[in-house]
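Shown below is the structure under consideration.
Labels for the chains are A, B and C, by order of writing; each one numbers its residues from 1.
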């Protein structure tokens, strides 16, 4: 506990952890789309940028309260997600991936060309509203929400689509609708994450949200383990802290990072925690904490 | 004026096509978006630069040298980063490919520095005039060479033993291996072919735009991949058509004043085409298999 | 006794009731090749209807058209007198038709129970908001879904294996799970695509029991199967497809003695 307080009181660690939490929220959204529903999205950072710009502009121009702006940013991102998903969710696999990637690049170029977003220079002077506690609470809320979604009729339909879309449809699942819903929920989380990002760094610019960022988010999810909530947490923690730990190798940092990505995939193609379910973990923990007599009595 | 833009567009387009061919052939065989392909092209450009600037060789030798470096590099990438992942989820080799990209970008940045470098003038500034259209000598070289390379590729794929094996493998991977085709060799060969074309593309682009830098493969790679999808991924004529189409569209887009949207044109076109013809211009329709 | 207000349409085989499912002049072609040509099929409520024929005759294509995966080039499909031609598969399931697949298509990385629960999808409502809120209604519905899922697992005898991942089941059990998953949607018509394929004699006997149970629940069964002994022992009506055309139909006895059928199966005899 004291250790945690120490970390939070150290502004440098606090900033690192805050950023990690911000990325984690976006990564959880992507895990719903890619890990649970099985749909490729290579443009997730674009939805972060939509959330970041909308909430920052609301803060700067309309002076509405931070949480309202944050929520609005998430909703606008979700709405854009629906607009993209309806036509493109008819495509499958790589085609969907490349369409979302293209969408991401188009959004970036649009922000560069728009006046209200400050063009290529970006938006500066955004007040600092994001703090560690807000991010922490939102991370917990996202994990909780995702856990509930995954363990519901809704979540089972998403898993069915991932496993076999044709079979899912013949079981009565309206695949297109569910894919659109899943995509927009994922985009909502990306939008929230973007809003937090803007109000944490106080400065945003279109190149923050290029496809490199989209692939970074995808790395978090895939290396952590597709379709696993603890996996995404772990993947995001390891990969977003890795550059910090690799500081001592200085300019070789990204070289090692790239090589690590290859090695991780070659040795653990399903990610660190591929297929691990939070519910199973809880159950196992419960079983372990229960006295043996009670456990056998229950069975 | 329009004819001139068309010539410029086709020149740009044929460089896209050279790179798109590598994407499309690899995708056709192992259904992998080889994101590291753009980096192979970038390294081709750098090898060309070093050959011309340091060793003062002529342009054609520089291109051959670029191929000689890129071909084994691509084969090595496949061997190390993709082959172990052939039976895993679709996203694993993709992530691995991005890892290779980051690795190669950083490596070249460490060796050559991050800033753009000019290409020494190896081809004189002669301009040929045909009525309303002007061709610079570089443009002529690019158009002729690209066409030659594509014809050579077409011949290889259509008439050689290896080419036939490639087509068989892309038709049906499992059956091809049951029929005694050494699938691993075919895949290596495909990467080698793609890398040779990309290396040539790198040197040609370096010469044409006179600016090469470690991150040059990123945007061009993505756009060329777009070109491949646009034309119908897996289809060799599709990649050429897609590349040309994209080059011309970009040049005309810039000419009518969309220059700040230049990088979005490719993706906009791609999305439009995919929505109406989901497998690209020359792609085969997919039948849902039950 | 005709109970419906509409006068029953008289067909060759005089029936007193509207057929549950009706295919009228259904044709479809793939890449120019005719896969089905003007196929007419009527399935009576509560019966076991089998579709047989040599490989490539178009049996599975009939199922794919009924379940909405393919849209026929021409002709109509009527279910309970509703035109369902070209309707989306999930809407057809909603109406009460469900199916299994020849090449097993389970949700492999989900448990047996979850597979069955997804089968209940059309008969339940909770969506995204319900998932987050877990209101009382949602919890009750989850209870019902679980109950229904356990019920259908009981029918096929997979209760013990409810927590096993589908991909870890034995082959015969996978076929049974497909049936259970289909039953979970409380269908009126179930299409079984080669349910006995790959089963041993003992498993086949178990399957006969399961199908009898299904009929006992008042569910109409449509069957595509290669095992003739199996088909003849269980069916009320057998239709024979050859090269995309119906060449015979009738009771198992009638079909077995039909010269056209014998020819289709054994090839043209000389003389």
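What we mean here is this: contacts are C-beta pairs under 8 Å (C-beta built on N, C-alpha and C of every residue); 3 or more make two chains touch, one makes a residue touch a chain.
Everything numeric here is computed off the predicted structure, so don't read it as measured data.
> Just to be sure I understand the contacts, which chains border both chain C and chain B?
Where chain B and chain C share a partner, that partner set is A.
> Does A-C or A-B have more contacting C-beta pairs?
A-B
> Specify the chain with the shortest distance from its C-alpha centroid to the centroid of every protein C-alpha atom present.
Smallest offset from the overall C-alpha mean is found for A.
> Which integer distance in Å separates the CA centroid of chain B from that of chain C?
So the centre of chain B lies 49 Å away from the centre of chain C.
> Once you find the CA centre of chain A and the CA centre of chain C, what distance in Å lies between them?
Centre-to-centre distance between chain A and chain C: 41 Å.
> Report, in whole Å, the distance between the mean C-alpha point of chain A and the mean C-alpha point of chain B.
That gives a centre separation of 32 Å.
> Can you tell me which residues of chain B touch two or more of the remaining chains?
Residues 288, 290.
> Mind pulling the residue numbers of chain A that touch at least two other chains?
In chain A, residues 166 touch at least two other chains, as defined above.
> Which chain C residues touch at least two other chains?
Residues 69, 101.
> Taking the complex as given, what residues does chain A use to touch chain B?
It is residues 34, 40, 87-88, 90-91, 93-95, 97-99, 101-103, 105-106, 109-110, 112-113, 166, 211-212, 215, 218-219, 222-223, 226, 251-252, 254-255, 257-262, 264-266, 269-270 of chain A that touch chain B.
> Within their complex, state which residues of chain C touch chain A.
The contact residues of chain C facing chain A are 67-69, 88-90, 93-94, 98-99, 101, 105-110, 114, 117-119, 121-122, 124, 126-128, 130-132, 134, 138, 141-142, 145, 181-182, 185.
> Report the residues of chain B in contact with chain A in the complex, numbered from low to high.
27, 31, 33, 80-81, 84-85, 88-96, 98-107, 110, 218, 222, 225-226, 229, 233, 260-261, 263-264, 266-268, 270-271, 274-275, 278-279, 288, 290
> Quick check: in the complex, which residue numbers of chain A touch chain C?
Listed in rising order, the residues are 145, 148-149, 152-157, 159-160, 163-164, 166-175, 181, 185, 275.
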